[in-house]
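Paired with chain B in one complex and with chain C in the other, chain A is shared by the two complexes that follow.
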Partner chain A sequence: MRSNKLGWILLAPTLLILFFFGVLPFVYVVFVSFHQWNPFAASPEMIFNGADNFRRIVFDSAFLNSLGVTVAFVLFAVISEVIIGYMLAQAFMREFPGKAFFRTIHTLPLIMAPIIVGSVWKLMTTPSIGIIPHYLDKWFGISMNIGTSAPAAFFTIVVMDIWHWTPLVTLTLIAALVSLPRDPFEQAQIDGANKRQIFWHITLPMIAPALIATVFIRLMDALRTVDEVWMLTGGGPGSSTRFLGVHIFKEVFPKTNYGYGSTISVIVLYLTIVVCWLLYVSMLAPRNNRKG
Partner chain B sequence: MANVKIENVVKRYSNVQVMHGVDVDIEDGEFVVLVGPSGCGKSTLLRMLAGLEEISDGTISIGGRVVNDVIPKDRDIAMVFQSYALYPHKTVFDNIGFPLKMAKQPDSVIKEKVTKAAEVLDLDHLLDRYPKQLSGGQRQRVAMGRAIVRDPQVFLFDEPLSNLDAKLRVTMRVEIKELHQRLGTTIVYVTHDQIEAMTMADKIVVMRDGRVEQIGSPLDLYDHPKNVFVAGFIGSPSMNFVHGTIAVKDGKKVFLSDHGLELPVPENNARTNQAVTYGIRPEHIQVGDQGVPMKVVVVEPTGSETQVFAKSGPELIDALVKDRISAKPGSELCYMIDPANVHLFDRETEQRI
Partner chain C sequence: MTDKHVTPLASAHLAKEGDDAALGDTERHGFLPIETNWFDRLFISVVIWVALSLFWFRFIEPIGLSIWISNAIALALGAFIIRKG
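The block that comes next holds the complex of A and B.
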């Protein structure tokens, strides 16, 4: 029991910080989400309006549009990142000249702030000055204008996100692959499994925990992407890339609609939790209650 | 079923060479046991047969086909790893059934074969468990099960019974022999256990430091070891060795140890004064009231037999006696040696004379 007390004392600073910077703001956001609050308007006081904000959100076409765009973005980006990340991780498991060098530079996008990534990609994609539209036009005769074409804007953001975050997936999967025991793979070869079967029956189940953790991290991050998109398209053209994060931002800051903005945040958090939970259950549960 | 030919096989790891030209011929359906001290390359040789380890030089053929560049999956072999190599995320049932599943066997067949193997291996109550919930011996039996549900060209076993208790080991030994007789599949089997080697093998391959020292039937190796190493390695307890020279006494050749002990020798063509190593198995020393005297140092009764360590002059001698003897340390006994049971080796070359 003495060590238990010591444990709490040692944990106390962390818990305090967590409380003041995590729990308290969260509770406050939930609190605000039940109010109408426009602190910079003529009547800045907080007015309790029950579930009105939540009722409004269900019929808010701008929000529903954001939700759809965000889900599409998350699906495209995270699935691509996991697949490309896994292939890169496998490539880095092999020996090739300059491996250490490539492994180092491939992580460089990770250390760039999202806002910088956004501005660099804006430079690269702006029609007439950007390198990407230039070569797309020169080599393939494709004209790309993220300012006017919704698909161009959307997929540019997807590609940008893949470029930015795939290294994270690669790194965690390398760590998972390196720590795998070698025996089961040799045994599987002996047992007559081909490469595809080894992947599905041995590799995937054995890296599943790391893979799921990575997918969670990417999912949560992708669901609240703001900075790069804000920098690159500002949510346009129209509202075609107005992701949830961007939507909340526009709701809260230009319109100073704090109450409704908080409501959207709470809903987004709730959806994130639901998605992660579904994923967790579908990927981990089958192997805990399977019968032979 | 297939014969296996290992020809002049060499294995190098970057700059260390661990296998120096190994030749073994294995007939179709033969039960071959590999023995040798730890680190001599038994597992490495098995892994090369399985295709898990590249062959640096030489050739290996299975069923007349050179398999140097054939991947493990296409060699049609079953293997039990020294480390079990179970699939940690699969149940015992799925572990054993995995090779069948990969061979696209119908579920009913898988179920039947796995259930049968589990019965044989006494694993039927553990089929739903995961490897981490099993004891070492149980894991080893799962690994064994995964091999015996198949009907491959060659079985490779790397110390498959090392972690079992004595009783289970005997049962499994019989089980493996029975499997061999039933399927007639070629088996290559690594073991440290003398009894396993002697009782199961059609042919024993004795290895040392990546070389084959001798190949022969169990009794052949026991009766005619080619050199001091094989003589000492085969047989348990291991052979007594005494250093000395060949002398002539009354017109007959005798052995004279460096410490002056005189022992009888069989007909041989050793030169007089040739430096030799004299070998005699503990079970071939007849302990009784007559012959050369010796002073008992330690007595180790095992129930069925008694092992006696005694000093004959300055030489320490290890004798195995079938009957109970009541000798106490310090007491005097006598022993006789039948020259026919004596093995003589040249001391320089360590080869049999």
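The block that comes next holds the complex of A and C.
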């Protein structure tokens, strides 16, 4: 009983902070999502409109388009980051000349603020002055203009996100790989297992918790990407890169439609939680059940 | 490790078996394909309720069936999942 009391006392500051900065804002957003509220309009008071915002959202083509674009972006970006991150982590597990230097510079994108990443990539991809369109044209004869081509804009954002966040995946997977015991690998090699079998039956199951945690972090980040995209394309051309975060921003700030913006935020949070939970259940729960 | 080396913080984690049960945190295997505690089942019920409501708004309500039917179904389903899941 005494230890429980001490535990609660030690936890109290964290719980208080979580309540005021996590739970309370969340409850407030859910509350606002059931209202029509434009605080800068002639009548700035909140008007309760039941579930009308949710009724509207399922028919809102701009929102559904944003959802589709965001899902495509998340799939391309996160899958690529995990694959490239794992390959880099495996590479860093071996010795090669200049390893320490390369490992240092490969983590540099991580310390850059997303808004800076967006502006740097904007400079690099602007047709008249950017290095990327220049060399694409010079070497391959490809004309790239992210201001007019929707696929070019979309895939530039995907590549930018991969460049920015793959080091995070690499670092977490290096940590996971370093902590693996050597015995199972040696036994598998003695038993004649090939590299593919070792990967699927030993490495992957053993790094699964770290991998899942990394995928969760990247999924949640990718679903609410705003600043990089806002700097690079502003959601255009048209609405081809208007991701959910950008859509919420445009709904809440330029249109000052706080009620409907909150509804979109709640739905995005719901989708994020459901996707992460499904991933967790499908990949980690079977392991836990087997242990039990 | 002997008892005298266990710090107060660590001792908070070394709960006796049955402490979880006393808190109502026991996991069990019902008709759901995974082991769940009561909070998992509540969470699943809420997720289904929201999904069903959105589906209802998009496809069923335009036909003329009220959202309250969806809420009643979700409530019944939720109670079933929490009790038997």
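The working rule: the second predicted complex is superposed on the first by the 284 of 292 C-alpha atoms of A that agree within 3 Å, B and C clash if a C-alpha of one lies under 4 Å from a C-alpha of the other, contacts with A are read in each partner's own complex, and residues count from 1 in each chain.
Criterion: contacts are C-beta pairs under 8 Å (C-beta built on N, C-alpha and C of every residue); 3 or more make two chains touch, one makes a residue touch a chain.
Just so it is clear, the model here is predicted, and its values are computed rather than measured.
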Chain C versus chain B on the shared chain A, clash or fit after superposition: fit
Contacts for A:201 in the overlay, against chain B (first) and chain C (second): which applies, first, second, both or neither? first
I'd like to know which partner A:42 touches here: chain B for first, chain C for second, both or neither. neither
Going by the contact rule set out at the top, does A:191 touch chain B (first), chain C (second), both, or neither? first
Taking the superposition on A as described, I'd like to know which of chain B and chain C A:55 touches: first, second, both or neither. second
Name the contact category of A:183: first (chain B only), second (chain C only), both, or neither. first
After the two structures are overlaid on chain A, angle v-u-w for chain B, chain A, chain C in degrees (C-alpha centres, nearest 10): 80
Would you check which partner chain A:108 touches, where first means chain B only, second means chain C only, and both and neither mean what they say? neither
When the two structures are overlaid on chain A, which partner does A:4 contact: first (chain B), second (chain C), both, or neither? second
By how many Å are the closest C-alpha atoms of chain B and chain C apart after the superposition? 17
Enumerate the residues of chain A that count as touching chain B in its complex and touching chain C in the other. 292
Note: in the complex, chain A contacts chain C through residues 3-4, 6-7, 10, 51, 54-55, 57-59, 267, 270, 273-274, 277, 281, 285, 288-289, 292
Mind listing the chain B positions that touch chain A in their complex? 50-52, 71-73, 77-79, 81, 83-94, 98-99, 102-103, 127-128, 146
Give every residue of chain C touching chain A within the complex, in rising order. 8-9, 11-12, 34-35, 43, 47, 50-51, 53-54, 57-58, 61, 67
Residue ranges of chain A touching chain B (in the complex, touch as defined): 181, 183-184, 186-194, 197, 201-202, 205-206, 287, 290-292
